[in-house]
Amino acid sequence: ACSLGGSTDGSGDTTGDETGDGGGGDLVVAGPIPIENLDPHGAASMDAGTQLAARAIFSQLLVSTGQGEFDGELAESWESNDDASVWTFALRAGVTYSDGSPVTADDVVASFERVLAAEGPLAGNFGGYTVAAPDDATVVFTSPTPDAAFLGKISSFFVTPAGAAEDGFFSDPVGSGPFLVESFEPGATLRLSPNPDYWDGEPEIASLELQSIPETAARMTALQTGEVDITWSMPDDQIAELRTNAELTVETVPSPGVFTMWFNSSTPALEDPAVRRALWQAVDFEEIIASLYPETGTPADAPVSPTVLGYAPQEPVAYDPDAARAALEAAGFDFENTVLRWQFSQASFRNFMNAVVSDLAEIGVTVEPLEKEQAVFLEDLLALNWDMNMQQLGSQGYDAATNLGRLYTCEANRMGYCNPELDDLLAAAGSTSDTAEREDLYAQATEIIWNDAVGMYPMFVETPYAWQNRVEGFTPVSDGIPYFDEVTVSGD
Amino acid sequence: MTDYRTPAVVAPEAPSTPGAEQAPLLRVEGLTVVLSSGATRGVVLDSVSFSVGAGRTTGLIGESGSGKTMSAMAIVRLLPEGAETSGRVIWGTQDLLEAPARRMREVRGHEIGVIFQDPLSALNPLQTVGKQIGETLRRGGMPRAQVRARVLELLDRVGIPDPEQRIGVYPHEMSGGMRQRVMIATALAGSPRLIIADEPTTALDVTTQARILRLLADLRDSDGVAMLLVSHDLRVMAHVADDVVVMYAGRVAERGRADAVLARPRHPYTRALANNVPAVTTKSAIAEPLRGAPANPFDRPPGCAFHPRCPLAQAVCRTTTPELREVEPGRFSACHFAEEVGS
Amino acid sequence: MTFYIAKRLAIGLLTIWGVVTAVFIVVRMAPGDQATVALGPDATTAEVEALRHSLGLDRPVLVQYVSYLGDVLRLDFGESYRFGRPAMDAVLERFPATITLTLTATVIAVAAGLLLGVLAGRNPGSVVDRAVSTFTLGLQAAPPFWVGIMLILVFALRLQVLPSANGGSLAHLVLPALTLSIPFTALVARMTRSGVADAMTEPFVQTARSKGLTEGQVLGGHVLKNSLVPVVTVVGLQVGTLLGGAVVIETVFAWPGLGLLLVGAVGNRDYAVVQAASVLIAMCVVLLNLAADVVNARLDPRIRLEVRR
Amino acid sequence: MTTAPGGASLLEIRDLDVTFTGPRRSLRTPPTVVRAVDGVSLDVRAGETLALVGESGSGKSTVARCVLGLVRPQAGTIRYDGRELGPVDKRPPELQRAVQMVFQDPGSSLNPRMSVGAIIREAWQVHPAVAPAGDRREALAAVLTDVGLDPGVAERRPSALSGGQRQRVSIARALALRPRLLVCDEAVSALDVSVQAQILRLLIDLQASHDLTVLFITHDLAVVRQIADRVAVMRKGELVELAPAGELFTSPSHPYTKGLLAAAYDLEGVEAPFRETQEQMS
Amino acid sequence: MSQTDVMVAAAAPTGAGSRRRRARPLAALPYVVVAIYLVAAAIGPVLVPYDPVATEVTERLLPPGSATASGTAWLGTDAVGRDVFAQIVAGTRTSFVIGISVVGICGIVGVTLGAVAGYFRRLPDAVVSRAIDILMAFPGILLAILIAGLLDRGMDVVILALSVGGWVGFARLSRSISMSTRERDWVAAARIMGVSTTATLTRHIAPFLAGSVIALATIELAGAILSEAALSFLGLGLPPDVVSWGQTIANGREYLGTAWWITVFPGIALTVLVVCIGLIGDRLTKRYTRKRD
């Protein structure tokens, strides 16, 4: 046999290969993003791959289920003080790790401190936080400033044993999640088996294999041939074809993702909100979305998606090239000498960008699309070294605080836009625990952002999933990081 | 003074028409070879006839490009790709030009051995000399141990000291003279009756040259192997050949017993060649060099090919190609004025 | 021989040092760094600066270089921030997959290439020769990712005889190895062709014929071996190139090899992995070239092992 | 031929040592060292033809390449007219042109991409001092005629010339610089007998007309006999004998020379037939 | 007798000079094809207008021969409704510009370095050889990625990225040829005459590199065009508003199963060109290497 890195079980071909126990079949899942690291606290903590693995191996304090709603996992209940700066969690009793030891408040504290020490992307959410465990079943998080979005943020936090800080822990991790690690080839395959001691009941499937196949053609082929049971995040053009396959179920679910095309308001040509709005008007987003994203796109009416707390629908910007041209002329836009540098980094945006650029060219606006490597894109993004920017933005924890509240302040200066009024609204929304009041404040903020055209917000994104009909009990989740503990595969 | 010629022939009373008294071992008749390279076609050999008597040495002389190698290789059918051959090569009772490929493989190596012009490139650089010498035998089915014994014997025969050690050596590790000996051993391996030796001594210095010539003569005398010796060096020819064939531009210019031809040429070309041989003993020979450059069979002058360089040329030479005719018993010359040359 | 190898290894070390340095310079010159990428698009400038400081990325480049070189001398390639473990471990883990793929492709390419090359070279200018030449040119001309995806569509999707992606079994190896071997086969075939065609004109081939050998014996016993030296050199070079350069095919077939790792690491500015992978690849290239030269010296006793200056 | 032996020496070679270092076989053994030339001292007198003979590999060419400055000797001096001859690119122009060379292989001594005219004119471009004033075409024709070539060949490439013609061009290129010392390394060895005789004749004639001193390297004793005034014999890098030609051929003193001559005479023994012919002719 | 008697009249050239291949009707085909491509590159955009910026999303992924608002898409349309045929024609120029620039840069740099290294040996050779060693041991993809990241995406960057490692082949070839050519007697003759080093290099060495270098250049030209396609595949290629075959092929890879025409036609265009260039290269190689020694 061939010796491929670290494969422990001899048979690589897992389809239809029933192993005795569990009886729920073997599940093979192919995600678009590779799993490179199992450490949910470190530099890769916010990676879709790491999160996917962590959801199978570890447990969270709580999971967000959309629009400011949460389910407890390790946490039985939680509460905050009035200004949302102190959060107290009561832990579920009797939860153990797969090695039999109990999950304690000290583990939560150690895990959280590990997050802070790692200075990774997750740690950025918790600047200045402290954590304490007054007793074995209680954990208290304290923030120096009010933080109403704390629950949303902490929903990306996984609890590991305190021993996770030791070298080599993640090569054979111990967790309290539904699955145990059998073998792991970073970037390729994570093989898992059900955790018989899982606090929410042992998963029924006999084994779970998480593969990564970034190349679409290969992933679709693997799905069509039955090598893979579940996959998601397919391009729209593939979805139609998958729908014709009678053995597959295809579903799309709304996600927090929004196509976000910021204008750099500090660019002289784009300083005027009228110019920005006119540019928005000049693009026939409706037609472009209908053509390019017939399955996963819906025209957006807010900078955050309807799945997110703080969503407030606005008047859509209608396509009107003549009005756009007139408005630009009125604003004194220099058609001749202005070239707008429009940066993006994901190849999948290329068609969309081309179509938008084409529409802008029709009214005489010259845009130079710049496809940049991710690192370069990020560096330039921070340095405001662009005139227009395109990203798909989500809202972590389904809370507008992590999107609007974090990115649109004068201090963040992410798009050269500074509006003290907006700053005040966002600060107020972030420092109250009253949900209704927060929704109202975000609605006001949204209106300013929308009307000032800080960016163009053309499309809400849905996440497409496809799975074999023999897979039962699978629930697509809107953030594209699904759970598999309730899935079964019927033998065929 | 050493003379390597077949002893019987040196005797003055020997028959003056060599090869006539008995059926020759090899008879080449009207051999014509046409080579085409691209659009140009060249009659590289034009009706070449000669013979090699059993146990005798026939020499082929001529300047570079005169077709010596072609004549020799046509016999064993090892001409370059695309050569068109006509005429007859009678070996025993068979015309080799008609023989099937299988028969040719029997002839090559086993009945006719070949010593090539440049021993360095004619030996495979990646095989030990022992392997190359024994190849004919090994392919013939001889057991390994026996092959080895025979190779050692051959190495010893050709005068390579310490054969046990040299058998595993590569050609590039040997001097030119040694390589030439290996080449000879290779040709001898299949116990052939005829050896074709193409310029076996050209690349060697005098000392080695003399040793190799002696070796060849010894082999002929002890084993009765006939030899077709190709050379452009008249001194070598005078040394070893019984009969000589002088070639010019792909044709036979003159043919006959070596001593006679070299002493009393019947063709102005032979005469000029002999005249130009520098001598070690005296300091005189380059008074009147032959003018012009050697002819090229791809661009042969009409009539007698030699006429542009010939001091005797007349009008007829420019138009009529002279026949090779018997000018005196056993002597053939292709000159309109053969009689005048000699006197 | 020993002296030669020792000297070549010394030069190899120099080469590796050169690669280490070049990679270091080139990676640090690229815009964006570990801090920007690790923190992602939501981070603020201050957070990025803080991380940069705690990673030591704000130190003068020369200081970083010296400390890095010191670590490398102690064979410490640092910790990969993406993989959360020693970079060399992460790299070595991918190595078997890369080797498997590369060697399989090499075996296919050498076998097919030699066959085609000999067929073409034994009769230069013939119909077979021209057919093979055109065919191998076609092989060289087909974009590898196009071929790869086509193979997936045909063999995995339509015929369903082979799996399409990821490693694991022998069957998974077939398509990527085949795709990888296609331009390689063309290269070997063309080198072999010209070698055989040249060797066919060598006088020793006439000698072999004059010994009464059949054409097959001449070809096998005298021609082939004499035409292999440049083929071996090229195979050595090409295998080295494939170790880190098969990215496209690794992408298409989701093959977890070094190339993909390297590309990902550059994208993530995971300096430790980039450097460890580069050093490993450079080491392989140096050793492969040395091996090719040693094989050639075995093949051809005339090749004196001399240190190329 | 022109000058009686005993003239002033034009070229003085003293204690010349040349070694080539080969590859090392293992860590322990030292690298192989070839002593190509080992303590050779030699004078070439103005106007004479000095032949340097010896078997293959005896170091003849190496001596020649030292004289021309293409090889840097480990030790020893080479003086021309009393002046030290350094490496070729460090020589003053007048020394550079004073010593010229004719090579063995007519196929590779001329740049095949240049016409004969260009090859010869290149010499004059480098040394304008010797370049003929005025119309160079005439001078070119004159040089070519000197070596027995039709001036029409100036337009041709070397590939369109026969071996003998190429060798003439080589000689013409050397003569164009009006050298005083001409080094011929196996200049006739690759030629057919008839052509060889033509070139030797030409050299003898030119030596007289151009007042040349010739260092003639060959392994062919018969050729030496035809043109040399004095003969130097080399063996394994050492000079074993140096004597006037007549003396050397009749009474060699060194055993190695004797062996060499014996081998040559061995072949010579049967040359009587041609002598007959040659006598008829004269 | 004087030497004028032995004056040689113009003798006929020896066999090699007059060799010529028998004319084959197909022999001219590669040249004709390449010429057609060159014409397409030169004036194609005039004949088949193409605007890389203009898209028509309602006419996307139409099969070959479909009618569109602006005529018939003979080779179909791509994922944003641009005409594939027009893209191929427009891409010809890009591909040629990239191929020729890369080969030009690599050729000049490689040949210069290689010739100098081979001629002077010693220090220059050591430096060039080490540089070659390092470049060959350096993962090529790394360079391409970094250059693509370092500079704004553009044709010049692609050319640079492909050139950085591309000169090595030329350098190795030139080095070995100049090393053996410098041993030829005509070089020694030039040195003896005192010809300057530069003149020796340009007059006596460089002309002998030309044949093999041109032959290699044809192969590298094809290689450069293919590499551009591979860079585009990895998302490191040209900016979206520059059309090239590589771009088109790479853009079409997601539609191989559904809209094969996006990749297949430029793929064929590319393959035919590369094969023809290769055939020409083969012929040049044969012509120049046959009589090297």
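Letters are used for the chains, namely A, B, C, D and E, taken in the order the chains are written, and counting of residues starts over at 1 for each.
Everything below uses one rule, namely that contacts are C-beta pairs under 8 Å (C-beta built on N, C-alpha and C of every residue); 3 or more make two chains touch, one makes a residue touch a chain.
Here's who's who by UniProt: B = Oligopeptide/dipeptide ABC transporter, ATPase subunit; C, E = Binding-protein-dependent transport systems inner membrane component; D = ABC transporter related.
For clarity, every value in this text was computed on a predicted model and none was experimentally measured.
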item	value
Fewest hops from subunit A to subunit B - one hop per pair of touching chains	2
Chain located farthest away, centre of subunit D (ABC transporter related) as origin (C-alpha)	A
More contacts between chains, C-E or D-E	C-E
Centre-of-Cα separation between subunit C and subunit A, whole angstrom	37
Inter-chain centre distance, subunit A versus subunit D (ABC transporter related) - centres from mean C-alpha coordinates, in Å	86
Computed distance of Cα centres, subunit E from subunit A, in Å	45
Inter-chain centre distance, subunit C versus subunit D (ABC transporter related) - centres from mean C-alpha coordinates, in Å	52
Interface hub residues of subunit D (ABC transporter related), defined as touching at least two other chains	162, 164-165, 198, 201
Multi-partner residues of subunit A (at least 2 other chains)	217, 373, 375-376
Residues within subunit B bordering two or more other chains	287-289, 291, 293
Parts of subunit D (ABC transporter related) lying in touch with subunit E, wherever the complex brings them together	68-70, 88-89, 91, 93, 96-97, 99-101, 103-105, 108-111, 113-114, 122-123, 126-127, 145-150, 152-153, 156, 159-162, 164-165, 168, 170, 173, 177, 198, 201-202, 205-206
Subunit B-touching residues of subunit D (ABC transporter related), taken from the complex the two chains share	55-56, 162-165, 192-198, 200-201, 204, 219-223, 225-226, 245, 249, 259-261, 263-278, 281-282
Residues of subunit C that touch subunit A when the two form their complex	30-33, 36-45, 47-48, 50-51, 54, 81-85, 90, 93-97, 100, 149, 152-153, 156-157, 160, 163-173, 251-254, 256, 260-261, 264, 267-269
Subunit C to subunit E touching residues, read off their complex	11, 14-16, 18-19, 22-23, 26-27, 29-32, 133-134, 137-138, 140-146, 149-150, 153, 157, 194, 237, 240-241, 244-245, 247-248, 251, 259, 262-263, 266-267, 274, 277-278, 281-282, 285-286, 289, 308-309
Residues of subunit A touching subunit E in the complex	216-217, 220, 235, 237-238, 241, 287-288, 291-292, 347, 350-351, 353-355, 357-358, 361, 368-373, 375-376
